[in-house]
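Before anything else, here is the set of structures, which you'll find just below.
Two complexes follow with chain A in common, the first pairing it with chain B and the second with chain C.
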Partner chain A sequence: MLVIFLAGLACLLLAGMSALVIGKRLRLATWVAVVGVIAGSTLSLVAALQILLGQPAVSARFTWSMPLGNLVIGIDGLSAFFLLPISALSALGAIYGTGYFASHGTSKSSGLPWACYLGLVASMAVVVTAQNALLFILAWETMTLASFFLVIFEHRKTAVRQAGWIYLVATHCGTAFLLVMFLLLGKHAGSLDFDQLAAATPLTGQLAGLLFVFAVIGFGTKAGFIPLHVWLPEAHPVAPSHVSALMSGVMIKTGIYGLIRTLGFLGAPEAWWGILLLGIGLSSGILGVLFALAQHDLKRLLAYHSVENIGIITLGLGAGVLGVALDSAPLAVLGFAGCLWHVLNHALFKGLLFLAAGSVIHATGSAEIDRSGGLSKTMPWTATCFLVGALAISGLPPLNGFASEFLIYYSSLAADLRSTVLDNTLLVIIMGGLALIGGLAAACFTKAFGMVFLGLPRDRLPGVPHEAPFSMLAPMGVLAVSCLAVGLLAPLLLNVLALPVLVCVGGTIEMVSLTLGIVRQPLAAITVTSAVLLSLIGALLFWRQRMLARRVVNSAVTWDCGYDRPSARMQYSGSSFAAPLIKLFGFVLGSRTEYSPITGLFPAASHLATHTPDLYQERLYRPLFMSIARLLKQVRRLQHGKLQVYVLYIVISLLALLLWEMR
Partner chain B sequence: MNYLAFSAPLSALVLAPFLQSVINRTKATLAGRQGQPLLQPYHDLWKLLRKGAVYSSVTTVIFRLGPTVSLATGIMALFLLPLGGFPAPLAFAGDFLLLAYLLGLGRFFTVLAALDTGSSFEGMGASREVLFSSLAEPALLLALATLCRLTDASSLSAMLAGVNQDLWLGTLPALLIVICTLGVVLLAENCRIPVDDPTTHLELTMIHEVMVLDHSGPDLAFNNYGATLKLWVFSAILAGLVMPLWQALGLPPWLAFGAGMLTVAIAIGVTESVMARLRMDRVPKLLLSASLLATLALFLQQR
Partner chain C sequence: MKMLLESLLLALILSNLVLLGSTRVRNYVKVIALQGFILGLLTLLLHLGALSIHTLLLSGGSILLKSLVFPWLLIRAIREADVHASVEPFVGYNASLIIGVLLLPFCFWLASRLPAQLMPTMASSLPIALFTMASGLFLIVARKKALTQVVGYLVLENGIYVSALALVGEIPWIVELGVLLDIFVAVFVMGIALYQINREFDHIYTDQLSSLKG
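Here is the complex of A and B:
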């Protein structure tokens, strides 16, 4: 099993190196890289599926020259589950990317981007299989750097470099917390091997709480918890689309993986951990979708939706942790199951949406929602794929998003917490919160799909819209079909969840399977309803077709209340569509409007611009980093390039050390 | 499988337009008019089904799909809905979530069909629809979750079966608040006054009606019938809640349910007659207070 996985890893690394070496020969490098990714992903997918279908967990231990522990790598249920989206999405992304790196490259070599892509895939696979903290951190850093170089792929543009810096700084601030956390854990357990960390004597309550907060900050930065999300809306839009898909679809989930893994080292969780996670989930979910609604750029909108979905995932995670803390098996099992399943589902539909958005940008040269329109006529397949993704991300049946959200909803219904107040609070957070998030997500995706693909083009676009080539459509098609399949096969997929959930909640596999069993019948009923619904839609369409077949069917202009010169510019735009919601939630969004009002009897041209910057970056991080920069400016006085003064520094420090020693 | 269970959705399919007639007749009576014949909605549907269609040249397949999907989701919702003591053909734990999301799916396509026309009026209606429905959703689910806890059940059929005279006496405040919340959600989701005016003559002030301006013929029939079914779904839940009051008068369950439906329809008619429409920016406040009320009910239900 592990041999298969390691062979896959070797494939990835080998292909990455080869691509780097033969980078000048574009086609060959691309071929080597794509074949490498597909081979590597297939092998790790096989290994992961074998574990998930009941083979025992495996691990291998190698000695290395690093202190505190060995090089341990292994696959258990949780690792295997996270390997599924990583393998699937990276292979599909690579196929999609074949055309991209060649046509958009600014340098003559496509070797470096491919090497980074393969490095990213390999490091993600190692992150979720490393069983030693040092190996984990090394893979984590490789993952960060590989994705950083991919984000700044179009580094000639200032905005891209700026976004890259924000990403690099944010993610390293997060890693700093992780380093401290792992060092403290390792000091306590005397080893950095994960099995030793888990087996160590329980931490004291305060230390465990502190380490939990560190883990939330460290992993939350990668995952995109509000207010640690600032890098997402910067980095995702500027990266190549298949890289955005990979980063948003699976890379940020390694933060969730790390958090779940770390929970295993901290001993029995306390109730406030779960409540903290629920709060983070609720605020990330609601604020994420609200900021998404306010965006004018399609990929930025999708990036904020990642924050929203991480919020939904964290709601499930919080429910699970609360369930473990309060000893409520249904809440714990269903919460974690919903969390993990949404991780997989989000990878599928967000990957799909980013790839479809990439096709739109590829074809039109613009990601501005307010300028586009009517693309479903020229790009019908892309439009269909985007529609499937939009329905899935809005959590609508019969697609996969509904199944995982149903599990999280149901966890709060099935919770048998003995405290009524806590029970009701949980219901309000999950029922009310998820319902609001779902409603707003539907609003946001009717906007995204409706404005980009329906109606008429609102403005002249840089490119001539055309359907994407087959190499881009095929991965999208696979993802769209998977979204539908995972939604319809939900009751069967429940079995796959038992092992990963077992790693999260502990106990016995029988208990977990039994508890998961309580949603099997509802999920089966949902599948039946969905199947009947689809056939009913088919039947009604057929009936309608028959009715209209022998009647007069005319084509005319859109009804515009008798106005005889309708123009495409009069259509509702994305901004106007979202305006009432933005106004209603203006107090948390801080949108700005620039408007030069119409004056006089014969008014000249006027303009209106709305802009919703990220509130946290504007109000929190920019002032913070500005003041740090001001403070550090004082230190700069020490550095002025005068050699004799530097010699003086050396003399002074030597003297000081001498005095210290002679004390 | 119990074939009798299918009587509930089938009777709903037949009777749903009649509910519309009762509301119209109530409004007419209160306004001192004679009102349209009680079978008028059926005539309208029949007339539309026999017509041809006109499509805007801007539209795509999404526009043609919209009414069909919203009708199909409405019909599926009926299969999850218990009716006067008869459990639904499909009853399972958490089915009310599926019901809410099915209606959401229908709405998603109605909104997309509106945006497909490229008309600014229909865009405006769509924008308002998503605003109000996204705020109504939490109120609906919180009210139903409260009902879950009140009756210790988690499927719609079991929940409504659990609402009886004892529950009315035992948890009167919580139950009344749930009824109020669901009433507000009904008015908002079905575009009734004070949220939306289904009979207004000005496109600028409409919400649901303006979204379907461009539909014609069978498409319009599908759409209107779908809207009628949606109204039936919400009314049936409310009727199930007020049923025990009629049962207390000695009516058998099915008759008590019918009386409950009439009560709801007349209440809607009266509300529409005595109230003016709210200003657009007041509606979110109404819906947010409905959510808050539902939260209050949830905390009140400790038995």
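Here is the complex of A and C:
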């Protein structure tokens, strides 16, 4: 098993190196890279599936010259589960990207971007299989750097470089916390191997709590917890679309993986850990979707939805941790199961949505929602795929997004807590929060799909809309079908979750399977009902088409506002659609409106513009970093470029040390 | 024998003071040559009892390199880069001399406090080694030209060499060869760098390198 996985890893690395070497020959490099990704992903997918279907967990131990532990790499239930989206989405993204790096490149070589892509895939695979903290951190940083270079792919643009810097700084601040956390853990356990960390004597309550907070900050920066999310809405829009799909679909989930893995080292969780995670999940979910509603850029909107979905995943995680802490098996098992399953589902539908958004941008040359429109006529397949993704992300049955959210709902319904008021309030908050998030997400995707694909084009766009080529449509099709399939087969697929959940909650596999079983019947009922409803609607549509086939069909303007000659600019716009909700939540969004009011009977030209900057970046990080920069400017006086004085610094410090030693 | 040793060490101190007070770049090169010669003699003198091929080679090589090759390289660099004769100090000559005179007792005090196991034959040389290092560092810090910094670096190395003699007596010769090669390369590279800096900027004032920083 492990051999298969390692062979896949070797495939990825080898193909990456080769692509780098032969980068000048664009087509060959692309072929080598894509074949490498597909081979590597297939191999690791096979290895992961074997583990998930019941083979025992495997690990291999090599000695290396690093201190505190060995090079340990292995696959258990949790790793295998995270390998699924990583493998699937990276292969599909690579196929999608075949045309991208060659046509959009600013340099002559497509070797470097491909090498980074393969490096990103390989490092993500190592992150979820590393069983030594040092190896984990190395893979983690490789992942960061590879994705950074992919984000700044179009580095000639100032905005892209700016976004790249924000990403790099944010993620390194997070890694600093991780380093401290792992060092403290390693010092306590005497080794950095994960099995030693897990087997070490339990930490004291305060230290465990501190380490937990460090883990939340460190991993949360990568995952995009509010208020650590600032890099997401900057980096995702500027990266190539299949890279955004990979980063948003799976890379940010490595943060969730790390958090779950770390929970295993901290001993028995306390209730406040779960409550903290629930709070983070709620705020990320609600604020994420609200900010998404207020965006005008399609990819930025999707980036905020990643924050929202990370919020949902964290809600599940919080429920699971709370369940373990309060000793409630249904809450723990179903919470973790919902969390993990939403990780997979989000990878599928968010990958799909980013790829579809990429097709739109590829075709029209613009990501601005309020300028586009009517694309469903020119790009029917892309529109269908986007619609499937939009339905899934809004959590509507029978698609996959519903299934995982239903698990989280059900975890709080089925929780058998010894009814203290606070605990039950928490459960209600989980359900209420999820419902609010789901409703707002549906509103947001009504806006996105309606404005981009329905109606008429609102503005003259840089490109002529046309359907995407097959290499871009095929991955989207696969993802759309998987969204539907995973949703419809959800009751049957529950068993796959048993092993990964077992890693999270402990106990026996029978107990976990049994607890997972209680959700099967209600889930099946809803799925079947909605599937029947869906096929009924399909049948009706088909019937309508049959009926209309023999008659003359006229098309007319839907609604012309009473104008004699309506223009496309008079259509309902995305901003106006979202305005009531934005106004309602204005106190948390801080949207700005520029408006020159219409006065007089014969008014001059007027304009209206709304802008919703990220509140945390504007109010928290910008002032913070500005004041740090001001402070550090004082230090620059020391660095003035005079060689003699630099040597003087060295002499003085050496002398001071010598005198200190001779005290 | 002891007499000879001590007069050599005394010559080293005086040469350092000459460096600190000297106003001409060419004087620097001469003093460097002299110091290299003194060091070679010192090595030879210490092993007079048990003379071996390796000692001979080492002291010969040291004299050859430090008192002939380096000065020749430096003189060449002065000629090619058309270096102005003055050393152009940040700290004046008289002040430099006074600082040197103050450094000397400080180094003696420092050496007395250092918990070092000294070779009996070279017990008195540790403070002088320290003083040589201090003078080298002072030259690097207090003189403007890149060339004077090369000289300061060489003096610093000489100090380290003497302190090694004082502390260990006999350094494994592979280490000594390594150090010699190191200095040789350093001087060589600095010579080239000097020439290039001069060609690009028409002077070799290191304080103006600061205009390069971002």
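Criterion: the second predicted complex is superposed on the first by the 640 of 663 C-alpha atoms of A that agree within 3 Å, B and C clash if a C-alpha of one lies under 4 Å from a C-alpha of the other, contacts with A are read in each partner's own complex, and residues count from 1 in each chain.
We take it that a residue touches a chain if its C-beta (ideal position, glycine included) is under 8 Å from a C-beta of that chain, and two chains touch if they have at least 3 such contacts.
Since the model is a prediction, treat every value here as computed from it, not as a measurement.
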Practice task
Using the superposition on chain A described above, determine whether A:His640 touches chain B (first), chain C (second), both, or neither.
Solution key: second
Exercise for the section: Please work out whether A:Leu648 is in contact with chain B alone, chain C alone, both, or neither, and reply first, second, both or neither. Expected result: second
Handout entry: Which superposed partner A:Leu584 touches (first chain B, second chain C, both, neither)
Key = first
Practice task
Would you mind checking which one, chain B or chain C, touches more residues on chain A?
Solution key: B
Handout entry: First, second, both or neither for A:Val557, with chain B first and chain C second
Key = first
Practice task
Classify the contacts of A:Met662 with the two partner chains as first (chain B alone), second (chain C alone), both, or neither.
Solution key: second
Exercise for the section: Answer with first, second, both or neither: which of chain B and chain C does A:Gln162 touch in the superposed model? Expected result: neither
Practice task
Using the touch definition from the top, say if A:Thr593 reaches chain B (first), chain C (second), both or neither.
Solution key: neither
Problem - chain A-facing residues of chain C, complex - result: 90, 110, 113-114, 137, 140-144, 149, 206-207, 209-213
Problem - Contact set on chain A toward chain C in their complex - result: 639-645, 647-648, 651, 658, 662
Exercise for the section: Using the touch definition up top, name the residues of chain B that touch chain A in the complex. Expected result: 49, 51-60, 62, 64-65, 68-69, 71-73, 75-76, 79-80, 90, 92-95, 97-98, 100-102, 104-105, 107-108, 111-112, 115-124, 126-128, 130-131, 133-138, 140-142, 145, 148-149, 154, 203, 213-214, 217-219, 222, 280, 284, 291, 294-295, 298-299, 302
Completion exercise
Residue set of chain A touching chain B in the complex reads 373-374, 376-377, 387, 391, 394-397, 402, 406, 409-410, 412-414, 420-421, 424, 427-428, 431-436, 438-440, 442-443, 445-447, 449-451, 454-456, 518-519, 521-522, 525-526, 528-529, 532-533, 536-537, 540-541, 544, 547-548, 551-561, 566, 568, 570-572, 576-581, 584
